[in-house]
């Protein structure tokens, strides 16, 4: 009787999943609520979606947020991957320092770091705005990325890479075909995490935005200053749908590229055994 | 067995080269993209000084629906770019004045008072803003740094059918709270909450007397066990379905709630009310002072001001705009109180460094208890 | 590096003094900020924060683990689908989600009515605006952060290990305790760090779901930087907090390599 088929774990898992989706369902339902105050159910209407889609601030804010989130995820992954790889072969002391830097980035309360960065930028007359926000996000996003990738890397068996190297593959090839593939779940997880963090971030974005268009979370904050309306819920739903759409697009593009390169990859692997 | 190791075919074929390329592009594109975005969004502060664009920091939607478009039409070449990261936190507002990024900022009496004390405000030449005479005198006096735009009183809203008796004063609220424990809501803002409590105790809501502030603190702490919550959004919402019986709330919020739930009653307490008064203040040395002056003047034009009031539903202060304002607002006893009620309203002021610290400390203790 | 310099600035600020009017920071060298911190008011809030956040983190770990475990045992296609299902709700905005909990948890709200209908309680649940609500909010908001690292750790466990353990006659519980748990540990620890630390500094959730009645460390900190503008004091708070956390983290990290080799 393997633990794999244990029904209890499945039940618990689905309960957690339901927990995760409950607020989302509430948001979706309320986005159609005719009652402005959402004090009860006022009947269904698509009016709020109309309002949300035509709201200039919302559209611009969404655009801004998406750009920031994508850019920050990419930068964080780059830093995270290269850092984790370096760390693997680094001397003990350097590892400790690097770890220190990673942890430090995580434990600094966001509001503290955001303010400090703000003062710094202002002092050195560095222009606030999108680049500043992306930098700010990437600093802590890359720390999370590093942690996740490291957690995965710790369990990697170096003998596979050694075998590949012994069989004549260049370090580059080893990295591409072996290391990166084995790290892939961590990379995906880290990238998703970084994107999600940036997407929802209020504090850092607030301090570093200057006069640029406010990212969406800040626009929303302002909208609910007095009251939460179904429009805000509608915005939430639209935003989510859009992001899901974009993500699927990205994944499909990569998957197609992957499939196209698949046959080539199989042959390529055999190359490793040749010279 | 060997297959499970080699066949790692993931869905994303991210080769290292592709990754580096992408990272490099991203790194290079960041400043370029950022600059491009800013240029596209019309941030012409550093560039074109002859285009006459000023930056206004405001809450989203807190301006007439067609006000900015009408301004651009009336003064070709001049534009108001509205940025929406206004805040109710003093420190952030001060930073915004200091940053030099904004020309005009929505700021209440306390924030502007402090900004003025810190030397961050631009002194305005009122001869260039003749429409200021449209604003009632008492409001002008209370907001001398820029143009006042709106105000909000903090009173009591309750459900007479649930409470069972008439509430007319803050004393009534404090008395009835234990009976409706867990169904009383206060506002989660330091000045509004403590200010109202000071009114309850018969003091000025702008006092800097340590003993009085201490008394107010104790009064709030004494009622805290009976409070449902301190809220700063949807404050009176629970009144609609009855989960809240009594609330300390702003006038415009109650006016809106009453439309949904006619059973809600508004009370202007006999001891008096604390109120905020906000308006547009100008940061020191704006790039286009003349455009700023034109905009401020434009905003107080009766038709434009009415547009603002109709869009936001707030209590207002330009009598000549009344004909253009929706009846539901201009005849509302909540939003347009009688002179007798207005006399009992006290706007908040900047309390100076010491006073502010006393209030801050008291509020922290209230929240921590 | 963009990270170190702001930190140094924060450290320097913590010894400075503030001009309350202009909010300019004077660079005197005073320990006054640190002394102010030691007052009982803040210590009490600090302790409450710690208990609430750590408790929520623990609960989050348990819940997250069960879902992560389940996902890791699925075929790859299903795994990806489930991961997406975990993340997608979080592409709504944080604010929208949190306020949605207000709606759900309030008396006369859906959950309260359900509890009444199935006879769980006579009167209302009254869970909104209590520390419980804050805990629920924290657990909810940080679940994906917990699930992802644990999943990553679990995923690399070869299926054959399970079969081997079963073949050798171990009960499911034994399998779990001796095999799965140790192998998943790096992920669980990473998850607890990623969740626990920001949870300590959380201030938005206590404000919204706690009704502003429960003052937590995060509120105090954010207050200094966002409302009162007392940057030196806030910096002193931050430095103290970070110092404590750094020490804890290094102790934790020391233990981890040892576990790996085992």
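We just call them A, B and C in the order they show up, numbering each chain from 1.
To be clear about the criterion, a contact is a pair of C-beta atoms (placed from the backbone, for glycine too) under 8 Å apart; a residue touches a chain by one contact, two chains touch by 3 or more.
These numbers come from a predicted model, not from an experiment.
*Asks:* What chains do subunit A and subunit B have as common neighbours?
*Replies:* C
*Asks:* Which chain's centre, taken as the mean of its Cα atoms, is farthest from the centre of subunit A?
*Replies:* Taking each chain's C-alpha mean as its centre, the farthest from subunit A is B.
*Asks:* Using the average of all C-alpha atoms in each chain as its centre, how far is it in Å between subunit B and subunit C?
*Replies:* 31
*Asks:* From the C-alpha centre of subunit A to that of subunit C, how far is it in Å?
*Replies:* Inter-chain centre distance comes to 17 Å.
*Asks:* Which residues belonging to subunit B are in contact with no fewer than two other chains?
*Replies:* Within subunit B, the residues that touch at least two other chains are 11, 95, 241.
*Asks:* Subunit C: which residues touch two or more other chains?
*Replies:* Residues 225-226 of subunit C each touch two or more of the other chains.
*Asks:* Any chance you could list the residues of subunit A touching two or more other chains?
*Replies:* If we look for residues of subunit A contacting two or more partner chains, we find 135, 224, 228.
*Asks:* For the complex, which residues does subunit A have touching subunit C?
*Replies:* Interface residues on subunit A, with respect to subunit C: 1-4, 6, 9-10, 12-14, 16-17, 19-24, 26-27, 30, 38, 99-101, 103-113, 115-117, 119-120, 135-136, 139, 144, 147-148, 150-152, 154-155, 185-186, 189, 192-193, 196, 199-200, 202, 216-217, 220-221, 224, 228, 232-233, 235-237, 239-240, 243-244, 247.
*Asks:* Which residues of subunit C touch subunit B in the complex?
*Replies:* By the definition above, subunit C touches subunit B via 20-23, 41, 44-45, 80, 106-108, 126, 128-129, 158, 207, 210-213, 215, 219-220, 223, 225-229.
*Asks:* Where on subunit B is subunit A touching in the complex?
*Replies:* 5-6, 8-17, 19-20, 22-23, 26-27, 29-31, 33-35, 37-38, 41, 43, 45, 55, 59-61, 81, 83-86, 88, 95, 99, 101-102, 233-234, 237, 240-241, 252-253, 256-257, 260-261
*Asks:* For a test of understanding, state which residues of subunit C touch subunit A in their complex under the given definition.
*Replies:* 2-7, 9-10, 13, 63-64, 66-67, 69-71, 73, 82-97, 99-101, 103-104, 110, 140, 143-145, 148-149, 151-153, 155-156, 159, 162-163, 166, 171-172, 175-176, 180, 183, 186-187, 190, 193-194, 197-198, 201, 203-204, 218, 221-222, 225-226, 231, 234-235, 238, 241-242, 245-246, 249-250, 253, 260
*Asks:* Okay, in this complex, where on subunit A does subunit B touch?
*Replies:* Spelled out, the residues of subunit A in touch with subunit B are 35-37, 39-40, 57, 60, 64, 67, 71, 74-75, 77-78, 81, 118, 122, 127-132, 134-135, 160, 172, 175-176, 178, 180-182, 184, 187-188, 206, 209-214, 218-219, 222-228, 251, 254-255, 257-258, 261-262, 265, 269.
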